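Think of it as A, B, C and D in the order they're written, each chain with its own count starting at 1.
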Amino acid sequence: MSQNTKNNTASSIITAMFRKQIFIPLAALLILALFNFIMDPSFFKITLGHNSNGDPLLSGNIISIIDYGSELAILAVGMTLVTAASRGQDISVGAAIAISGSVVLRVLCGTNSRPDELQAPIIVAFIISCFVAMACGAFNGVLVSVFKIQPMVATLILFTAGRSIAAWINNNELPVVTDSTFSVFGGYIPGIPIPTPFFIALACFVVIFLVLKFTTLGLYVQSVGINEETSRLNGLNPALIKFITYVILGLCVAVAGLIKVSRISSINYSVVAKDIEMDAILAVALGGNALGGGKFNISASILGAYVIQFLTTTLYKFQVQSDALPAYKAVVVILLVVLSAPIVREKIAALFRKLRPARAEQNG
Amino acid sequence: GTEGGSSSNSGKKSGDKLISVGIINNDPNESGYRTANVNDLKATFTKENGYDAQFAYSLKNEEQINYAQKYIQDEVDYLLLSAADTAGWDSVLKDAKDAGVKVILFDRTIDADESLYEASIVSDMNKEGETAVEWLKNQNLTSYDIIHLQGVMGSAAQKGRSGALTDTASKLNWNIVVEQTAEWNAEKAQQIVQSAIDSNQKFNVIYAENDDMAKGAVAALDRANISHGVGKDVIVMGFDCNKWALQELKAGNWNYDGQCNPFQSSYIVDIIKKLENGETLPQKTIIMDEKGFDASTITDADVEQYGI
Amino acid sequence: MQEKSLLEMRGIYKSFPGVKALRNVDFTLREGEIHALMGENGAGKSTLIKVLTGVHVKDGGDIFIKGHGGAVQIRSPQEAQNLGISTVYQEISLCPNLSVAENIFIGRGKGPAVNWREMNKKAGELLDSLGIAVKPNQQLASCSIAVQQMVAIARAVDMECSVLILDEPTSSLDESEVEKLFGLMRDLKKRGVGIIFVTHFLDQVYEVCDRITVLRDGQLVGEYEIEKLPRVQLVSKMLGKELDDMADIKNDIPQYDEARNKIVYEAENLCSSEGIKPFNFRIRKGEVNGFTGLLGSGRSECVRAIFGADKVTSGKVWVDGKQVKINKPIDAMKHGIAYLAEDRKRDGIVGDLSVRDNIILALQVKKGFFRPFSKAQATKFADEYIKLLDIKTASVNTPIKSLSGGNQQKVILGRWLLTHPNYLILDEPTRGIDVGTKVDIQKLVLKLASEGMSITFISSETDEMLRTCSRLLVMRDRKLVGELKGDQLTQNTIMNTIAGGEQK
Amino acid sequence: MSQKFLTAGKSRRGLIGSLSDTNLLMSITIIVFIAMYLFAIFGLGSGFQKAQTFFNILNANAALIILACGMTLVMITGGIDISVGGMAALVSMSSAVYLDMHSGSVWGAMLISLGIGLAFGLVQGYLIAYLDIQPFIVTLAGMFFARGMTTIVNTNPFNVQNEAFVKLKETRIIIPGMGSYNKRGDYIDAYIEIGVIVALIVVAALFVFLKWTKTGRNFYAVGGNKQSALMLGINVKRTTFLAYLMCGILGGIGGFVYFMHVGSGSATHAAGAEMNAIASSIIGGTMLTGGVGNIIGTLFGVLSLALIQNIVSSIGLDQAWWTGITNASMLCIFLVVQSVIIARRKKANLSSSRPAEAKGAK
């Protein structure tokens, strides 16, 4: 009898777990980890080494994942908010990263594209790029909230123009920063063995969680995304809230842009952050958030972003034939979402429920 | 014989009439190489030099074809073309021929009948690859464990530069540790090399098909404290001869950089002059002189002269 | 299956996460009868209907339909349609982007092609015969709710069906339209169609129904012949307790002192972009007044203008004697005004959000962006109002869209009460609310008024207004045409004034 | 009394007011398109005066028109399909390889194209409609898969030499009387390619489908409100499935038309076509939120985008970046104009219907 109730609670916990939104990316992450563990446990090995300046640093696939996944995770945060509030996605983030990265380099390098020393403090460059990226976000935000253009087309404008604007900012030159302090943001802080992008991402997460905790942003965004008219009648300004989410995404873009250009201390306008918008949207969706707006879960999106990076790293690690890589990625993504689709999950949960009593009978 | 017709362009030779050219190129953002190439063309085809030039840029073949059709309808005298893709051009070129527009290819060859264009001024990508691989062979390493970073698959540069390496590697039993496309992208290259390091692959050569990717690869090496350059653990090879790349070479951080000459405009002008004078061209395909630079022999003068 | 019964449901079970919506419910529908399905909000009426029509999958039980030996499996509304069941659901479920005619004909009929001319013609005839004044080719979204409701009914009755289900069809109809509907129902009854009719209006039940099935808390209370179940008993069966007599309420109206109580809100020449004529309005502390008029006469527009819900184009406004500007809802809220909108689905609920978030929403917005309630605090508020208004919900975390219609309405009422307004505007607050709760709400209104809150109450039921309001403003053609108070507050005078009697 | 009220006013709306939103958007697009074309003819001269310039726009965009039609279908049901560009590339490459390396027949290549489209449609449709997975994820994966598969089929781009195919590809349908003289004085006939005919047939067929078939109307119902559509007795899953299936098949057809236009296989073919298709649909009056859309609008959406590019290229911008920026600015102006007109109309509707009502009520 007690066995039975125990089984019941166990299965109800499992059922409850299956229903949780965060289950989707979590399960995806676990499946990928399990796969790697079975194929080659050394995937998880982390070694402590030293870089050419003698500073300690950790290396290993897991470190690479939290390192290279950072920009995506940061973008996923903003993209989640935009999706929730405006019921659509911003496809211009890649282009906006090109712009903000270009601005950073422009400020750092001045008119000379290869200066021997920085022409401005990095923080100044970053702040200016923040303003520019937020302006990009604001531009999208105005189109979406004031002119009521559908997000995907509204942002298509900046998507088309962005990389050209980025080139224009630097007069089509390719500036290179030689100063080593700049590479800290995409590399390591001397003495700390964990890559800086991870800390930056972490800082972003903390900030956004604090914002969500100490302001009503979350409630407002969801409310506007679910029912604009009701929100208005409850004293909200839906246009303003949508606008704000785009500006926040702009800020995320600036941070991601800084990391991107810092990684190689240079920029290539046409390939930097290429197709990152698709991955960012995918991260939001893998996190189980509805792309039609409304309720959201930021942690799930962040996990979703790391799932994508995990997958990329895994595919690199197994040296999948390079040009066919997207095909493998597609297959894995589909497997992951099918396994975590609510309908399939319900079926699996039902299967569990059936299995449990059967086993209980056998035991009893 | 350019008499009659709806829009008469005869009498250009007198110098008061501008020669109209439509120039279709790849996006200058693509790389340092392309920027140099575009700037070179823009500096040459100016009003002062007697040209009425229109420029169109795209990385997409179908957009380029579109632009070409447009210029043909505008009846430019010359259509200068650096195609994004080698295939898919023959019917446009036939239209050009029908309309009396002369086509000159630059920088990139296309897969079309020779009769459809007047001339083609290109880099020999195969030769670039062969020069580089030859250089690598001459390093006489005890073992060759190579990370091969490819450009966008299917582009002429990728095909030429990959082909040489793949051939020689299979002939001489070189070990290709990793072969993946980073799509000319520094950051992707960094990730690929990082992944190789993370999974403890042994390698002593990085063969990157352009400078950007070499730069990305070096960033990953620096992180993992793997020495690279002249007399160090890993040999770094790149292409394009960006100025900053040559400076790296000069500093001994890289070992080899293959040239890819972006300055075709003087050749093109030459050809146009000849055609305007009614001369025939000695050969259709003109292959530009290109060389490779070794870190141990490069000079400051080289950096200045060949850096783009 | 019994003789003459069209439809039988036996031992139906259905539960949702946290709610057992139906437990062992039996239901029988006979040929040519109108069968009322009664129960409180959340009793499970709509759920029973949705199980029957294949919207929800039942957890247990059998459904039998005449002419289909054995239990039938109904997995989708389409299958239900094919079995001759046609349904008007509680929340209007039509496609707003399609035309009226399409909404009537989509999803039915044979052949692959659409003949627009034919369809519009047929729809036109149907609408005419039912006296619904819309053009068949008009887009549904541009029609009022009442028209949409009539269109849904038109669709249902036009289908060749043996069972017609009407889930609270009358909640947004005016009297003449209700009469039309009843005429229709009687016609169909004569033809042997069985009709399931859900409503919270007892008068209507006794006017048209033959038999009543009562549900309470998802369980069957019983099935009764209408003659054998007097009104009082019906109510007590529904509530599970006796209801205080409603007639008494009026006597409790707190008589505020016209001269002494200060004016809380006053408007002069107020006008909004929605096409009402400028009007003057004032309300005193502790007063309950109401707008009355026909459907579409502009009652809602008036109060929306007061709240700043529509764009205010002109007029002066005083709150507590101070002249203020109210252009947006938030301005009104800041001045202690609250507004319960009439269209619950569009203007009231935030469907995917939890009951808790829905309750605190307005207060939270009022409090400000940087001062969020803690979860504990919010839950406390929510629990308070769930208790006060007797809201049936599995938990505070349940998304509001999975509550029954009436309970959703209570949540929203709770939301506005939580802001502790000085002046509360209620536009059709009792729409879709069961008798018991209706009385509760009326009492609540009077109680709040006696505590000093000013309330504007709009309802399509005149008796309800008479019971609560001490002053009525009469609207006609989007214009304020009269004011009734004291002895004038009788059914007759109101009707006359509405219809254009010479009251000025 | 109340009845009089509800109908009055509707009859007095102006011409603009009587159009539905999608028709209005479509009309704006068509008008702006014509205006732009007139501007091009009189302002930019030479090339645009020839009919062939217009036909070239058609020739170059026939495939995109077909892909955008498919996109419109799924967008009407409230979905999206990111995979159409990848599908076109895969179709081109597979057909090319089949024709040249396996010396196949043109018919075979067509079958392969249709087969690929069908397979994509079936799988994506099943996942989206029956397993209820978000269309964006499914079709994004579809795009990755198609792009990846293209390079697996063959890495290098090449021109197809197969004679029958080359003949088909070079078939030109002469439009009599529209030709022009070239600078040597030869008369050159104006022509369109076979693909254009295919595209126009697709447009016509889908227009009929969406307007006059029940299944077509079901698309709108499902996009308007899924829950309601279900309760109205529409098989929502099957309808959704059908939309993706059709989009897949159109992807196959569009891919083949694309292939006929370029005559080669390449992994980079039709890059970004999905975005162009989405943009064209939206410009033509389709809403991403579903339930609203129009095939003719989509046709003009494609043409407008192409025309914008053509105009930009002939303005003769001296710096490369201006191309991107100008393209985007024109798109921006276009969209803002659209949105302002829609907003004004809403206002005009209100103020024009109110007085009429008041009069009607007297």
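Just a few scattered comments:
Quick note on the criterion: a contact is a pair of C-beta atoms (placed from the backbone, for glycine too) under 8 Å apart; a residue touches a chain by one contact, two chains touch by 3 or more.
Bear in mind the structure is a predicted one, so any value in this text is a computation, not a measurement.
The chain with its Cα centroid farthest from the Cα centroid of subunit D is C. As a whole-number value, the distance joining the C-alpha centres of subunit C and subunit D reads 43 Å.
Chain centres here are Cα averages; for subunit A and subunit D they lie 31 Å apart. Centroids of subunit B and subunit C (each the mean of its C-alpha atoms) stand 72 Å apart. Mean C-alpha positions place subunit A and subunit B at a centre distance of 35 Å.
Those residues of subunit D in touch with two or more other chains are numbered 151, 155, 267, 320-321, 323. In subunit A, 163-164, 167, 172, 323, 325 are the positions where the chain touches two or more neighbouring chains simultaneously.
Contacts with at least two other chains are made by residues 27-29, 38, 153 of subunit B. Chain contacts in this assembly follow no simple pattern; the graph is neither a line, a ring, a star nor complete. The chain pairs satisfying the stated touch condition come to A-B, A-C, A-D, B-D, C-D. Residues 42-43, 49-52, 57, 59-61, 63-64, 68, 114, 163-164, 166-167, 172-174, 176, 183, 187-188, 260, 263-264, 266, 268-272, 274, 312-313, 316-317, 319, 322-323, 325 of subunit A are the ones touching subunit B in the complex. Partner subunit C is touched in their complex by these residues of subunit A: 213-217, 219-220, 222-223, 226-227, 229-237, 294-295. Residues of subunit D that touch subunit A in their complex: 82, 127, 130-134, 136-138, 140-145, 147-149, 151-152, 155, 267, 275, 278-279, 282-283, 287-289, 319-325, 327-329, 331-332, 335-336, 338-340, 342-343.
Per the touch definition, subunit B reaches subunit A in the complex via residues 27-32, 35, 38-39, 59, 150, 153, 178-181, 183-187, 190-192, 194-195, 197-200, 212, 215-216, 219, 222-225, 227, 242-244. Here subunit A touches subunit D in the complex through residues 87-88, 91, 143, 147-150, 152-154, 156-165, 167-168, 172, 278, 281-282, 285-286, 290-291, 321, 323-331, 333-334, 337-338, 341-344, going by the rule given at the top.
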